[in-house]
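Got some structures for you, see below.
Below are two complexes that have subunit A in common, paired first with subunit B and then with subunit C.
Presenting the complex of A and B:
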């Protein structure tokens, strides 16, 4: 006997929502999914009428669904937003080529303007060239840090007011768990925020409209909408803590499906003791980007690459920052320490 | 999408193979017999000293237990709480330097009725523990979980904290001085310790009362029905924890104890912290895992074993013959993924073997959290605290939150009516604020939500809760999840249901008279009067 949709009670249900376990027909699922994102956007006041919003587009499922839903909601509810797709080309052969093709197709399907910024034009280095120098083991540090800035620089180039990214509920919950495992209280406090306000120069405010959307529902949405996306797990192994946190979260979800939201709820309600030291946010002495150190992570990494000292950005070498900033030469001992890399 | 958007690399502390040195690092004379942390090799004597010192240091640092105060030790029979008992004995012993000066008692909660043990198994376990307890000469209380069914509903009320007791460090010192002075002047011979060394008739009587005799098969069946009505092991474990706390609290109150010592080790607390996060208990994380937990007001929970790893405890117990009793729990035979709590335990344990800093890192997180979640003092009206776990309620709809998003998802998935076809028609209202206006209150967009709610109910009308005050409205986020896993709410013990009714009546009462109440405080004062009628 076919199960009827629990929402309209007319059509046949085609799926069971991972989030609520309700059986829904295709249309009611689309409607519920979109409506939830809409509620998130208006209740958390993510945008204002007339703003230009850059959608961080990687060609992966999250950003593809985000672009689609943003386009739908902008028209349905007359948000009055100017939407555009913003992509980063890291210069990884065989990886970005395919995903960028997907983004280009998305651009045509959704009729949204697309801007691609490449690592080469921003930093003078492609990821392939970086991997050659630093080895496979450490390159994720680079592409993570560089991408974060690349989006900002691209956004500023295009005079974008806000960037929205495809981070979903699973990502947020995973980050909460990871920060607990790492004992990183400062990030633990920040990581559940749905948007970051503009702090200082060189930072465009960001938000996560899919913050409360389950990854599984994003896949269901893309599947039934027949959205075209590129399966982009980073081709290099993910960071160990995130890997553990991810496995743990998947197991939690299997035991109790609400666990993803429950972890986020916990993260949103943590209160950090007064007097616990938080890193002071300042700006980078070289590029002006937000940074708790004298030099931002990406300038340190770049300096290391350009000087042939790749370890500079990987370990903790804060006390060298002043030296680099004032262009002082490094001692031989320092040079030796920073050169060694395990591949 | 790349998995790394923040710089998280190079932080893992990998397993360090300890270098076995022959000599003890402390006295540098005796041969080391064990290594606790990488590099720290101790001889037997120095390890004992280190272990004992840690316990005193924990109590000394926190200064919450007053001389002469009655302290209830919650002993489960497991290694950590058994070790705690031995530390208290050590600290109270006649020749201990910096002697502890409180009056201890012991409580054991026999949970066999919930975990399916036979009466014989339960009696055997109780007999084993009694022989351990009797050897201490302390008062002890054997309480069966069945007794939770006859608790009075007053156990759920927060007691008023003993405000006349000094709380700060300096007044603590004054209290100690006064205690010593009083003893010198008034009872030069009779010390507290002496008084304890004669097991009182009260102690024996309690054992008889609390022993196996008063538990009828009917009570055990009622308890089993209660647990059978809970569908998941996650919720069963959570409920068991709650009921256990109620029994301990009740015993402490009726027997005049003002502190309860729990034997949670640092390994246990790390697991608890992570599993509580996963259960949605983030708001009360600090009270659930910190050194002291003041949520009940008149009885404060303390966790003096929180600096010991389970490994240290195991070494100590083995080396110094501290007896412990294995008692199977709800999840003893369960698979790794049977419950959130069990899953977290095996996750942390496994991670700890690969990365020995796991437990201490998680544990340090708990120290950076705030214990004083807004209304943790007892002057808050009881309805602002969870009916079951007595933590501050974390279900207010203020900013847009995971809780609110969940309510919306539920609502949107079970809406009755025509298909989504009507939606575009209701989209007339613009969804976003104009760029110029800084902030307006509420922007409604969806079909059925039109008006803006006022008051503390929050901004977005779509997540408005049903008007009827059900049991859920009296519970915190996480306890709601537990109740949701029950087949019927009315399977809960009577004392919980009666207190729920009473709170509902009071909140209705407040609704009726709300326009005559001048401010919040007045509001509470009136409620307190009414509540005591």
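Presenting the complex of A and C:
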């Protein structure tokens, strides 16, 4: 027996919204979803008229929906934004090469310019080559750190004013949980922010227009709109820690759908008591990128790869940063600790 | 006796990887004394179709949280979920949301 749309009361409902428990038909759902993203954008003042905005595009569901909705809203509400797609090619054969094909189709479908920056051109290393050297245990650290900087570099080449990414409500809630579980107070405080101001030279401001959009709705939006997206797990990524947080959150959501919004709400309203030690943001002594250490994570990881000491950026070896900066040789003992043997 | 019913199953969003990377399947559910419902369909899928790692698809007697189910293009949460009685020519879609964004 079909349920009628609780908004128009005419058509057959196609989904139950996790956020509100309303039953909506396809058209009313599209409208509600887009309007909520619009409200998020307006109330947080994410963009200014005339800005050039790079959409971080992976070919996956979130960034595909983001690109589609940004284009729709830019036209519907005359944001006056110049939109373009920005992709990172990590150099993962059988994964990213396929997903980039999706991005290239999106470029045609949405008529947006596309820029792809690759790890190979930026760092001289593909993820395939990195995994060969470091194995499958800490490879996601390299990829995550390099991707963040690669997006900034691509954005600067294109002179974009802002980057927006497809992070959704589920992603943000997962990140809150992970930061709690790791005791990472500095990230815990930052991770719910919908936008970051420019933190310095070489860092482009970022925002998350889908921050309050449930993954379920993003997937159903893509499904009902028949959007073209890519959904294969990265061949190198067990990403175990996030996986656990994700499963836990999905189990909670099954019992109480508001759990996701509630975790975000908790994260947003946490305040860190005075006197808690926080890392001081500075800049990297080598490349000038933001860093709370003498060298940024990206430079340390790269130095490790280039010297055949991949453990250099894994764990805490801050004492060695001065040595690296001044190009002093490491002692044999230090070198032994940083080799890949016990990866 | 309920007659055998033919239904169309579709797996997407990465869920197809558990079914030999095949997205669409036409299956016939054998006749049985009770009408087929979603709960029984999941047991049948697990026993007859799942090639690997069933825990990534079913959890307890339902689908693993994070897998969306559509019956005839509507969210199964509107259709009675596990209690929905399957009809001949029904279309059931399973979409994983657990794969990378």
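Here, the second predicted complex is superposed on the first by the 334 of 343 C-alpha atoms of A that agree within 3 Å, B and C clash if a C-alpha of one lies under 4 Å from a C-alpha of the other, contacts with A are read in each partner's own complex, and residues count from 1 in each chain.
Following the convention adopted for this analysis, contacts are C-beta pairs under 8 Å (C-beta built on N, C-alpha and C of every residue); 3 or more make two chains touch, one makes a residue touch a chain.
Predicted model, so just to flag it, every value in this text is computed and none were measured.
Touch criterion met: A:63 reaches subunit B and subunit C at once. Residue contacts after overlaying the shared chain place A:13 against subunit C, while subunit B stays out of touching range. Within the superposed three-chain model, A:176 lies in touch with subunit B and out of touch with subunit C [touch as defined at top]. Contacts of A:2 after superposition: subunit C is touched, whereas subunit B is not reached.
Judged by the touch definition given at the top, the superposed model places A:228 against neither subunit B nor subunit C.
In the superposed model, A:22 makes contact with subunit B only, not with subunit C. In the superposed model, A:144 makes contact with subunit B only, not with subunit C. In the superposed model, B is the one of subunit B and subunit C that contacts more residues of subunit A.
By the touch criterion defined above, A:166 lies against subunit B and subunit C together after alignment on the C-alpha atoms of chain A. Of the two partner chains placed by superposition, only subunit C is touched by A:250; subunit B is not.
Touching of subunit A by both subunit B and subunit C, each in its own complex, is seen for residues 58, 60, 62-63, 166, 232-234, 251, 254. Subunit A meets subunit C in the complex at residues 2-3, 12-16, 23, 58, 60-63, 166-168, 170-171, 215-216, 218-220, 223, 231-234, 237, 246-247, 250-251, 253-254.
Residues 6-11, 17, 19-20, 22, 24-25, 27-28, 30-32, 35-36, 38-45, 47-51, 58, 60, 62-63, 73, 76-81, 138, 140-141, 143-145, 147-148, 166, 176-178, 180-183, 185, 187-188, 194, 212, 232-234, 238-242, 244, 248, 251-252, 254-256, 258-259, 261-274, 276, 297, 314-316 of subunit A are the ones touching subunit B in the complex.
Put simply, subunit B touches subunit A in their complex at residues 1-12, 232, 234, 273-274, 276-283, 285-286, 337-340, 343-344, 347, 351, 358, 361-362, 364-365, 367-371, 373, 394, 399-406, 408-410, 412-420, 423-424, 427, 429-435, 439, 443-446, 459-460, 462, 477-478, 481.
Subunit C meets subunit A in the complex at residues 12-14, 17, 64-66, 68, 70, 73-75, 77-78, 93, 95-101.
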